[in-house]
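Sharing a structure, written as structure tokens. Questions coming.
Chain nomenclature is as follows: A, B, C, D, E and F, assigned in order of appearance, with residue numbering initiated at 1 for each chain independently.
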Amino acid sequence: MGVVVQNIRRADRSAADAFAKYGVATVHEAQARTGLLAVRIKSIHVGAHISGTAVTVSVPPADNWMIHVAVEQCQEGDILVVAPTSPSCAGYFGELLATALMARGVRGLVIDAGCRDVAQLTRMGFPVWSRCVSATGTVKETLGDVNVPVVCAGQWIEPGDVIVADDDGVVVVARRKAAEVLEASRLRKEKEAVSRKRYKAGELSLDVHGMREGLAQKGLTYVGQAPKD
Amino acid sequence: MGVVVQNIRRADRSAADAFAKYGVATVHEAQARTGLLAVRIKSIHVGAHISGTAVTVSVPPADNWMIHVAVEQCQEGDILVVAPTSPSCAGYFGELLATALMARGVRGLVIDAGCRDVAQLTRMGFPVWSRCVSATGTVKETLGDVNVPVVCAGQWIEPGDVIVADDDGVVVVARRKAAEVLEASRLRKEKEAVSRKRYKAGELSLDVHGMREGLAQKGLTYVGQAPKD
Amino acid sequence: MGVVVQNIRRADRSAADAFAKYGVATVHEAQARTGLLAVRIKSIHVGAHISGTAVTVSVPPADNWMIHVAVEQCQEGDILVVAPTSPSCAGYFGELLATALMARGVRGLVIDAGCRDVAQLTRMGFPVWSRCVSATGTVKETLGDVNVPVVCAGQWIEPGDVIVADDDGVVVVARRKAAEVLEASRLRKEKEAVSRKRYKAGELSLDVHGMREGLAQKGLTYVGQAPKD
Amino acid sequence: MGVVVQNIRRADRSAADAFAKYGVATVHEAQARTGLLAVRIKSIHVGAHISGTAVTVSVPPADNWMIHVAVEQCQEGDILVVAPTSPSCAGYFGELLATALMARGVRGLVIDAGCRDVAQLTRMGFPVWSRCVSATGTVKETLGDVNVPVVCAGQWIEPGDVIVADDDGVVVVARRKAAEVLEASRLRKEKEAVSRKRYKAGELSLDVHGMREGLAQKGLTYVGQAPKD
Amino acid sequence: MGVVVQNIRRADRSAADAFAKYGVATVHEAQARTGLLAVRIKSIHVGAHISGTAVTVSVPPADNWMIHVAVEQCQEGDILVVAPTSPSCAGYFGELLATALMARGVRGLVIDAGCRDVAQLTRMGFPVWSRCVSATGTVKETLGDVNVPVVCAGQWIEPGDVIVADDDGVVVVARRKAAEVLEASRLRKEKEAVSRKRYKAGELSLDVHGMREGLAQKGLTYVGQAPKD
Amino acid sequence: MGVVVQNIRRADRSAADAFAKYGVATVHEAQARTGLLAVRIKSIHVGAHISGTAVTVSVPPADNWMIHVAVEQCQEGDILVVAPTSPSCAGYFGELLATALMARGVRGLVIDAGCRDVAQLTRMGFPVWSRCVSATGTVKETLGDVNVPVVCAGQWIEPGDVIVADDDGVVVVARRKAAEVLEASRLRKEKEAVSRKRYKAGELSLDVHGMREGLAQKGLTYVGQAPKD
């Protein structure tokens, strides 16, 4: 513990930025249903939707010292990812740290712990996905690490990986797979657009996707008559 | 398992529609405090308020195949009610299925499991009450049932029953009791209007509802003096 | 049980009112990180922010009779604080009681239990911090107490104490410490303004607050080179 | 509310008794994975395993009056099933009520709420499956119902249905399906005995149940070599 | 913060010791259903049952330094009561601290946080009631207080109060009320013995406690005939 | 997905076996407080304590097909580690699979999901650490992976890593660090033995570990006199 890795390799900037066109559900599907953070991580604002490159922070319970250290490692287009070494709902993060991050072009925070100053963060337009909202303060006593791989809300995240976050939650895309998953997301969205159009016109997914035969093979039975009163 | 009941009897349309004038709390009181779904079922939008007739779906954990089957059974004025056979927070439902349901005039979804695409669902104005929000996908492998009675979030719901849902939660009214409960809701609302007016004028519920005597009989004691500093 | 204390001593009015200028996180820090209610107490409205003097109510599970009793004890500038004697998510409070409280100038409700009529409460602009939202009704059968000290969401609250509540949660300030904590909050806010300005200009908290030496003493190590691909 | 149904039809006694030879998991499988109560219902004793016929009780939150009423409706071989109309962890049940039930030959209690006197209940050998253990008392103020159908921990239970409970949880078998499910349980157990013997001898389920082909068809790939150090 | 109060006044020793004859449920009832700690506090051993005088400790999250300080303040017959200032499941306490406490005659620990070394604590026979079991370690960086009043699991506990704990949970009795509550517990237990004898003989609580009239007045209706098959 | 890695590298056998002499708390401390699985993973038996080498399985929600595949990859001294790709409490594992694993010398199971047949598993002496106990069945429809790295209950676990599990929970030790952490565990245990002996003799940790000076520097104050009655 107590290591800060500088000069990390980040996912390709244009790919990392382009992910913001796709929802978390789409990206999650596009990479074979992997990478989704636990649903306890929720947006504090309705409607936020960002993508960027992860700067990771491993923090002790109820101690936010390393977040201050991590700010210096952040660049334009990054998203800060904070994972406590044991569960904590303390308020590690508030509007002062958000001010510092915004000054460096950081796009948002994902934290498997608590944040505070929710009203100000909303006014500032700084998006946060957190496990809890809590005014509880933290101490600055014990070291952690910056830019080491972390498990955050059940997912392995390496520094420089792509993070995508919206109202549905947060998904991580491995740095080296960014281009491939981006393309798969694009294709999936196109395919969905076709389905959407047909559904809007009143077609059934049973027909659009040819499900009737499979259902019949499994033994699905239609009963024509409702039970009597 | 694997049964789809067609041509169900629905509650009287005008009654089912009229319930949307009454809040869930009012309807719940009007039917002797029964029928309320567990509080884990929450609206994904602030301010949604609907009523309609239930089309029920019993689904396996993390498998949304039967929701596709259920779409075909839906009519104008229905509300889809989905109950997993064992607890699941998977994202069974998103904007594509909502598009299909809106094309058939369905008013909303109540699901004791997860939904996703929350931002799009909000933009589309399709109301959803769910247990969780999760981008997790589901498979299409195992049959369930459509339009059989289900237990959803702790309540017994039969196809064709009336569902009322608002920011307070979701309540079910049995099909055959719809007219009676609607009238009781109307009466309750009238009565509340009288109380509201008197409270606004500064009268106390202790006096408006004559509670003082009952309280005194139970032994309520007023102490005139605050304890000294 | 069954005691109503009248004529309680309230915290100084101007102090109680002035707290609304400070966020819950600021006040909590200003009184040495004490007094914060458990994070399960959440605002039903985004953006509410109030301060006032506590009128306390101890209620039995699923029984709201004593809230009716408490209304009479409320004055302009009060906040009602309700604690059940054992955990309950029943809907103790709705828009009728809110109407009665608004008629007396009460600023809001803090309840470690359920409330209902959320949509109406929002339209009325009556702020509520509650443990749950539930349309479940309550009975009026058993006595409790008004204006006795209570433990609410893990904090000891005496009648007349100052309550401050915003999107981050709820904090209590002891009546006799109101002036002192108010001044400490003011100082803390001033200090934060200085930090905020320097952070906006791109300065790092590591430098603004001189953290580098302490970190180095604990053994923090900077590694210049990212691991190879 | 306020109805006590007397002289209910119970499932066949010998069938109800014979279920105690089968574990909850076996019975649940034998009836096509239906009827399992929510996992929040846990045994207070390690090793209890009973079956019997349900006497059902619908109780208000934190009010155990109707359990006293229900005792009179119980017979040798019954299991008391208690469901609150809204969630409660109050201690509805303790050793005095257990004494009364044992005097009537009742085999145990299933309650989606709290029980207390756990140490005495264990010494008495009276099995209880409950949602919580809590010494919190209840009142005797409000009516409920005895021997009406209830939803208990997510399952629809009718008076006279068979209840089977062990360390894995609780399952309900509909009265009219008791004989059929009992036979299916017997067959399943026999089949499991064959598998068990083969597994003990070192055979793999992949071979015993011929899974290899299905796995290969789905695309399962065996990689012979571990990644290098 | 950072205060250790020495030479606290303890409840009368013989009264504090005598409470161990009464279960937590009995004591809770005997003091008008007050003083029960939240049900999240559970015994790590089946069958432990103790009473004693509280030595209280207020600890920061994930920091057990003050427990070491508190050991010195403990005497024969005490029970250590530990409350974190914000929620934590860290493992504050293990067998080494238990060894130190046993050497001073301390009877057990009540902690609204985590403990560890459960197997050794069981072998040593040192009873612990905790919120969680967790091997997570704690730091020794920040001060707290010893022998100040604390809110522990929702109850106000003053140093020297009586603590009673068994498999049902934990209850606190105020120091000055110890004698009175002890006598009320004794009376309640005697009364229960009479009921128990009559219940064993097959009498119904409806008759023993004369409930039939009250039930009839509320409108309880007996229906003689079960619904037809 | 759909990969089975054969012939994995396991941690040194004698080291993996020797860890069973040390408790989970000791090992966790010995590797700088890392590697502890989330506290939701609990033993189904009191008193189990094992160590061994991990065979990892990544499974879909409510689908246990891959556990059948994994059995074949297990050897004497292994511990099966199962992580669902999204949260599930289904009963993935019961006594039949345990029989198959015991036939291959597997020492136990760690699963971040449900198990069933708890009574039989206890009688067989097959230890399981699971997130829930549930009789819910699973399907065999979708592939997962065997012997790929998984995140299980918040920890990154690679095939062949050492797993240590006891009543306090589960900890993972990286394969390549096994010898080093084993030695650190041994040293820690020796050191604890010295402390234990001194504590038993009545010495205080304040003195044994020289904490008094540090406490005084932080400002700890001893107050000699209890507050007056």
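Throughout what follows, a residue touches a chain if its C-beta (ideal position, glycine included) is under 8 Å from a C-beta of that chain, and two chains touch if they have at least 3 such contacts.
What you are looking at is a predicted structure, and each value in this text was computed from that prediction instead of being measured.
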{"item": "Neighbouring chains shared between subunit B and subunit C, ordered by label", "value": "A, D"}
{"item": "If a chain touches subunit B and subunit D alike, it appears here", "value": "C, F"}
{"item": "Interface with more contacting C-beta pairs, comparing A-E to E-F", "value": "E-F"}
{"item": "Self-contact between copies subunit A and subunit F, residue sets same or different by half", "value": "same"}
{"item": "Equivalent of B-C within the choices B-D, D-F or A-F, defined by over half of its residue contact pairs recurring", "value": "D-F"}
{"item": "Mean-CA-position distance for subunit E and subunit D (Å)", "value": "30"}
{"item": "Whole-Å separation of chain centres (CA-atom averages), subunit B against subunit F", "value": "42"}
{"item": "Geometric centre distance via CA averages, subunit E-subunit C, whole Å", "value": "28"}
{"item": "Junction residues of subunit F - those touching two or more other chains", "value": "33, 36, 39, 86-87, 89, 134, 136, 142"}
{"item": "Category of the chain touch graph - line, ring, star, complete, other", "value": "other"}
{"item": "Pairs of chains in contact (touch as defined earlier), listed by label", "value": "A-B, A-C, A-E, A-F, B-C, B-D, B-F, C-D, C-E, D-E, D-F, E-F"}
{"item": "Residues of subunit E that touch subunit F when the two form their complex", "value": "2-9, 65, 68-69, 71-72, 89, 91, 94-97, 99-100, 102-104, 114, 116-120, 122, 132-137, 140, 142-143, 147, 159-160, 176"}
{"item": "Contact set on subunit A toward subunit B in their complex", "value": "23-25, 28-29, 33, 36, 39, 42, 46-47, 49, 166-169, 171, 192, 195-196, 199-202, 204-206, 209, 211, 214-215, 218-227, 229"}
{"item": "Contacting residues of subunit F [partner subunit B, same complex]", "value": "60-62, 86-90, 134, 136, 139, 141-142"}
{"item": "Touching residues (chain side subunit F, partner subunit A) in the complex", "value": "1, 32-34, 36, 38-39, 85-87, 149, 151, 154-156"}
